[in-house]
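Down below are the structures I want you to see.
One chain, chain A, links the two complexes that follow: it is found with chain B in the first and with chain C in the second.
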Partner chain A sequence: MLRLPRFEVATPKTVGEAIARLAEAGPSAMVIAGGTDLLPNLKHELFTPELVVSLSAIEALRGVRVEDDGTLAIGAMTTLAEVAASELVQKHAPVLAQAASLVAGPQLRTMGTLGGNVLLDTRCQWYNQTYFWREALGFCMKKDGTKCHVVEGGKKCVAAASNDSAPALMTLGSLLEFEGPSGRRTQAIDDFWLADGIYNKKVAHAELLTEIRIPPTGPGHRGAYGKLRERGSIDFPLLGVAARVDVVAERITRADVVVTALAAQPKRIARVADVLVGVAARGEELDRAIEAVAASAAKQCNPLANIPGDHEWRKAMVPVFVRRTLRAAVDGNGPVHGD
Partner chain B sequence: MGALHLKVNGDELDVAAPSHWTLLEVLRYRLGLTGSKQGCDKGDCGACTVLLDGKPVLSCLTLAAMIEHRAVTTIEGLMPAHIANGGTGADPIQDCFDRCGALQCGFCQSGMMLSARALLDRVEQPTPEQVREALSGNLCRCTGYTQIFQAIELALADRAGTKPAPRAWEAPRDTEAAPRQA
Partner chain C sequence: MSARDRHGKEAPWGEFGVVGKPHRKIDGLAKATGAAVYADDIVLPGMLHAKTLRSPHAHARIRSIDTSAALALPGVIAVLTGPELPIKYGVIPWTPDENALAVDKVRFIGDPIAAVAALDEDTANAALKKIRVEYEPLHAYLDPRESLTRHDPKIHEDKKDGNISKHVLLEFGAVDAEIAGSDVIVEDEYSFHGTTHAPIEPHCAVATYSADGVLTVWSATQITHYVHRALASVLELPPHRIRVIQPCLGGAFGGKSDPFSLEFCVAKLAMKTGRPVKMLYTREEVFYCHRGRHPMQMRYRSGASKDGKLRGVDAKILIDGGSYSSFGLVTTYYAGQLLTGPYAFPSYRFDSTRVFTNKPPCGPKRGHGSVQPRFAFEVQLDQIAEKLALDPIEIRRTNFVGEHTTTVNGQRITSNGFLACLDQVERASAWKTRHGKLPFGRGLGVAGSMYISGTNYPVYPNKMPQAGIQLKVDRSGLVLAFTGGNDIGQGSNSVVQYIVAEELGLQLDQVRVVAADTDLCPVDLGAYSSRVTFMVGNATIDACRKLRAQIVGALAEHWKIDAKRVRLIHGEAIDLDDASHHMPVIEAFHLAEEKSDTLGSTGSYNTPELGGPYRGGTIGASPAYSFTAHVAEVSVDVETGRIRCENVWIAHDCGRALNPMLVAGQMEGSAYMGVAEALMENHDVNRFGLHSGPSLLDYRIPTSVDTPELHALIVESLDPEGPYGAKEAGEGPLHPSIPAIANAVFDAVGIRLKHLPFTPGKVLAALAERDARAKSDAVEPTLTARKR
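For the complex of A and B:
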């Protein structure tokens, strides 16, 4: 039995009211969306808020729509199950629909939201544990302690960004809309992350993520998500690969690969477009180009012993999943799912 | 500690419980509905699955204060709902789990049956893949899942008025008994 620490719950009906409650209560207040990340963390005493402000009654934060210019706008409180099943998302942003469909299991996708997924806390096998367990090891830098059990003598926490939506949204060039006590701001998801596992996001207290905006993708757009996990049914990623390949007149016009579950932030593989753009979307030329990207990704990615799963095996799987996911993007038959 | 307005198995209830309690805690320790099991208590196992507005959710990760006025169905509510809809005896899913012996210790069973019930309410004749997907958030440490899938297959066959495919051990032996053609 894991008890929650004592706190009060507020269920405001508007964004303005929620921001006011959070601002008034100060740092002892936290936001809860679906609660599927926050509540296990509270049960592990990783946070001890006095007030939890629920966004579940704010209808304005739900739903998927396409705007006149083709922008796909998804309310932060839209559930992962809704994102995965949305025909609009499947059509305009297949990589996101696929990533959402592979998060956790069915119950958690019904509860968990896209906003909560973007804002997921980083994960580490030394951190996502009960207080009792963590205390027995003398704690760690991310919570209650001073050292790191992953990198000996390390000065920076390297807990892993583990949200499946993040790399998918990065390949789509997504924008995050925030609203807080000092107004609204738009943040490109590419510049949203910090290389610090203790807190890897640029969000201020009392700021709410209200909407995720995906610029128009166009008819040649293709994307796929690849996920390696221990049990195909429920687990967090041991490796997540998002691939984008736009194809016009049988040639690749745009390409991008972002990998996650390595360190504190998702990692964009460098020089993917240099290799793939201009290449024919089938045949030996494509095979060679995909092979080159996979080999280069293997050199660029170094999984750490931060999350479960042997990190050398995870490293060996990088080129395999980059190759398969790029192939699935070109062929339009993702996701790639292995365990 | 305020009163929570909950709707459980069709009953509207005012329940006094601390605001930081989960729905699972309220069900088990305030309402005495212990059919929902407290397994991992952190989202891994599915033993605490209940239906919220007809969809399976994990009651160990749901704050009771966040689901006021929404319809909660627990395993205790399946048979009364079936009877209220004109049925007799247990819900067909419960009946088929019983007939197939789809349990050993039974700890996972109420969550399994609720996930299965929700699928059958949503899809008339789901494919085996849809059945597996719908139950993928419910772990069983005992049965190896075979009888569980067979129970659902039987419920689907009953609903369609057909017979499920025979099990390997029930397969007719006449192919062996038949005289070989020269």
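For the complex of A and C:
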């Protein structure tokens, strides 16, 4: 078995205490939530923290609730299994419940948290490997090296955002609540990402993601998540598609498609609302509109050979999964996965 | 084969009491409760932990190794490098080309170079990073076609024939004339990618070296005896001072049937330090050990007459062996020798070449050497059926080789239940009403195969028995069986228990088994080539009958009756004709011990002389062949290119199912593995020669949700030489899975998949090609057309 490197572990009881420990220790400290991403990464020596601050004892970070105005507030330490099983999430944000239900496998969802999935490290076939393997390669620019092996001669890291929750939350217009040494801030998830595979998130050291807030969705809200992966379980996405289609009086009033696992950040497909809003929620007009969105998405997405698998197939699957996921959103029978 | 090696296929004393019933595995509870002791569970006082330094180069000369900084690290007790173990080894005695640690060269990324023993694993790992190695990189061969033609540099300098590991060309009958005279000829190319075993348990070994010079090695191996021999040779120790023990094993599938670097390293480090030493491989290292299924590029040309009868088969195969020989000599023969059933080949030629490349070494994986050619040929047979408009099951019946016959390459076939296998899968899959008639996107495919129940080729030439066993009777009423057989999860210890209980009329808990300990157990050659049930089973019957004769003789004398009247049954000794004569078997044991001697017996098995009268004719010559037929049902999503295998009906002729539950388990496990190799698994290196994903995340084995419904249909042909008629069940049932899926995809959407694995990308490309062809032929395109 690969060994974990040695580090100190702190288990603060409050958010304030956790932030203080992180601020005090400086950049050599890291946060662990469920650990399902961090621990293998530590074993691969992708990170070498001296202190790991566990959030497991902070009860305030757990739970799902609906506020008076209909906002869905989910504690960052709520597990993915809890999010997937939550009736509140299923009702107000079905796309998120579906995405959470498809992260990894059952054991990992029991440990992994929603906050952890939002903050997941980007992934690449040249990066998520052991130290021995990466050393034999001559390393890569994301860790310990200077070159990119995906785009030879490339100047920018193109490791892929691989979190299933991110595109789902983007279609929901979610807000991320952070708390840090200089106080609290609210960050729209749409503006949270950087086009840099080395670190694709706008988070300062010692800042904790405390809560994910989903604005009220209303009775006409529909959503679905589509996940392409080789196996029916465990695997990270080869392509993730979150679709939102709100329907009022049989007409589409709001529509959005966000895809992930292609590049360093999740990508919103442009002009989805232009095509779909106002369209009747059934019939040939809908079929044509969905087909148009799928064709447009295919043109907008060019996956690189960053994560393992056939990237040409991933590209070919963009229109198929965009179409199937939009259809599932309208019909309310998501998620789209497996076959 | 002597008379004592044949025991008949029927119940020995009337009716079977144990055999043929679904009994629990002997170690089932221990495994289920976590009590079973695997190699890594062994902890000894003062034990050190060892780790291996591995090559970051695919092919390089080693200029120097400096271990001084590693040795200076506190907690490091010893460092070992190649020159301390200069003697080469290899499981096949004719091709010793491996060193425990690299001596002058490294031949793949992951090749072992040095080993460190330290107080704990972290210290050993830290020490590895302090070893300085100077390399001179050499040209790395990643394409087997290059190895075929380019000789400089050589991967193994002392090989005569460039980078060629083994070449076999055998011809039986007038192949070219037969094919030329055929009504239909199909010629095509097929390829098999690489796959590996991925057992749950990584390789692990522990060694101690006693003050009086006895080396004991516990190792997760399936070949205790060959490890014993290799240790003696490499460590230059007399074999009687070495003891090798296989603890409980967490899966092997052929991946633990070579001697491995770690066994020599822990042994030498224990000798150097005088302390017990353990080495446990990481999952990544298991992928570098590999010995998995060889990639093969195959060209087949077959001719048949109008009625579908085969006239000639001509094969040319290029085998990518990776960096070492391993079992490669045998692989190169098996790639041709094991194809000559269940169908009669009037003429046959195969030309197989195994080459070295700078990749992890290939070896034997479940269905060694024959899974790849079987895939190619069973697809080609379907292509012939298509051309002749014959039903794919019918063409297989037409070419049935028969039972009690000899194949074109001189292999003796005894029992053969292949026709019954075809009948079973045809019925169970509702073939007649569904094949060719299912909606577009859904299809059925059939394939057949045969496999060996061991061979008469021991890897080192000798005339001693292949399997030995010893029985010891205790005054407690316990019978202990000592067997060299390696139980690797297939249940060979359970089979010994069932047979002893059957023969001696004991309850199962009155029989315990001590296995795979070279000090305690007579030699068995190991768990490979599906030989254990057949050979150890026969040896067990042999030992039991000798022991029983002593006990029955004592009872007959005691009761003053004919020995034929004595029956041992359900733990009791009885007189069949006089109910007043009976006693618990424990008393019978005491009686026999009083009257004769300390009770015990030995038994053994050896194969008869087998095989064709030509060089290599004994390789693949088995005392009995198993036969299998599969029907696979698939659905194909023509938009995503995904194939979903939904059902596999597996009919397997295992001779007799000694425990039908274990046989069904082997059949399901085999089919699962075949489906995995067809649709998902891919063991490969990238453009740098680095393993493309040495983890269970990136090497994708199917999860339970990806696994089809597996329907095991046991066929019992009752072989005249197997123990109670039994033959193998552990490897044969894998073979047809892959071609049955390929043939089912043809039925579903009309494309021929000839290159593994069947990825969605390849399916989409084949569909596009088919559509383009259809357009030019003015036929309806895929999406609207019914197949064919």
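Methods note: the second predicted complex is superposed on the first by the 338 of 339 C-alpha atoms of A that agree within 3 Å, B and C clash if a C-alpha of one lies under 4 Å from a C-alpha of the other, contacts with A are read in each partner's own complex, and residues count from 1 in each chain.
The criterion applied here is as follows: a residue touches a chain if its C-beta (ideal position, glycine included) is under 8 Å from a C-beta of that chain, and two chains touch if they have at least 3 such contacts.
The structure presented is a predicted model; accordingly, all values stated were derived computationally and were not measured.
Asker: Please work out whether A:V9 is in contact with chain B alone, chain C alone, both, or neither, and reply first, second, both or neither.
Answerer: First partner only.
Asker: Touch check for A:M1: first (chain B), second (chain C), both, or neither?
Answerer: A:M1: touches chain B and chain C.
Asker: Regarding the shared-chain residue A:S233, is it in contact with chain B (first), chain C (second), both, or neither?
Answerer: both
Asker: Quick one: is A:A316 in contact with chain B, with chain C, with both, or with neither? Answer first, second, both or neither.
Answerer: second
Asker: Look at A:P308 in the shared chain and tell me whether it touches chain B only, chain C only, both, or neither; answer first, second, both or neither.
Answerer: After superposition on chain A, A:P308 lies in contact with chain C alone.
Asker: From the superposed pair, tell me which chain A residues show up as contacts to chain B and also as contacts to chain C.
Answerer: On chain A, the residues that contact chain B in one structure and chain C in the other are 1-2, 6, 105, 232-234.
Asker: Looking at the complex, which residues from chain A come into contact with chain B?
Answerer: Within the complex, chain A contacts chain B at residues 1-2, 4-9, 11, 32, 35-36, 39-40, 43-44, 52, 54, 56, 104-108, 110-111, 232-234.
Asker: Could you please specify the touching residues of chain A with respect to chain C in the complex?
Answerer: Residue positions touching the partner: 1-3, 6, 105, 125, 128-130, 132-133, 135-137, 230-236, 308, 310, 312-313, 316-317, 320, 338-339.
Asker: Would you mind writing out the residues of chain C in touch with chain A in their complex?
Answerer: 54, 56-57, 109, 121-122, 125, 202, 280, 282-284, 635, 637, 639-642, 644, 680, 688, 690-695, 697-698, 700, 702-703, 705-706, 759-761, 764
Asker: Over in the complex, which chain B residues touch chain A? Could you list them?
Answerer: 18-22, 38, 41-44, 46, 49, 55-58, 61-63, 65-66, 115, 133-134, 136-137, 139
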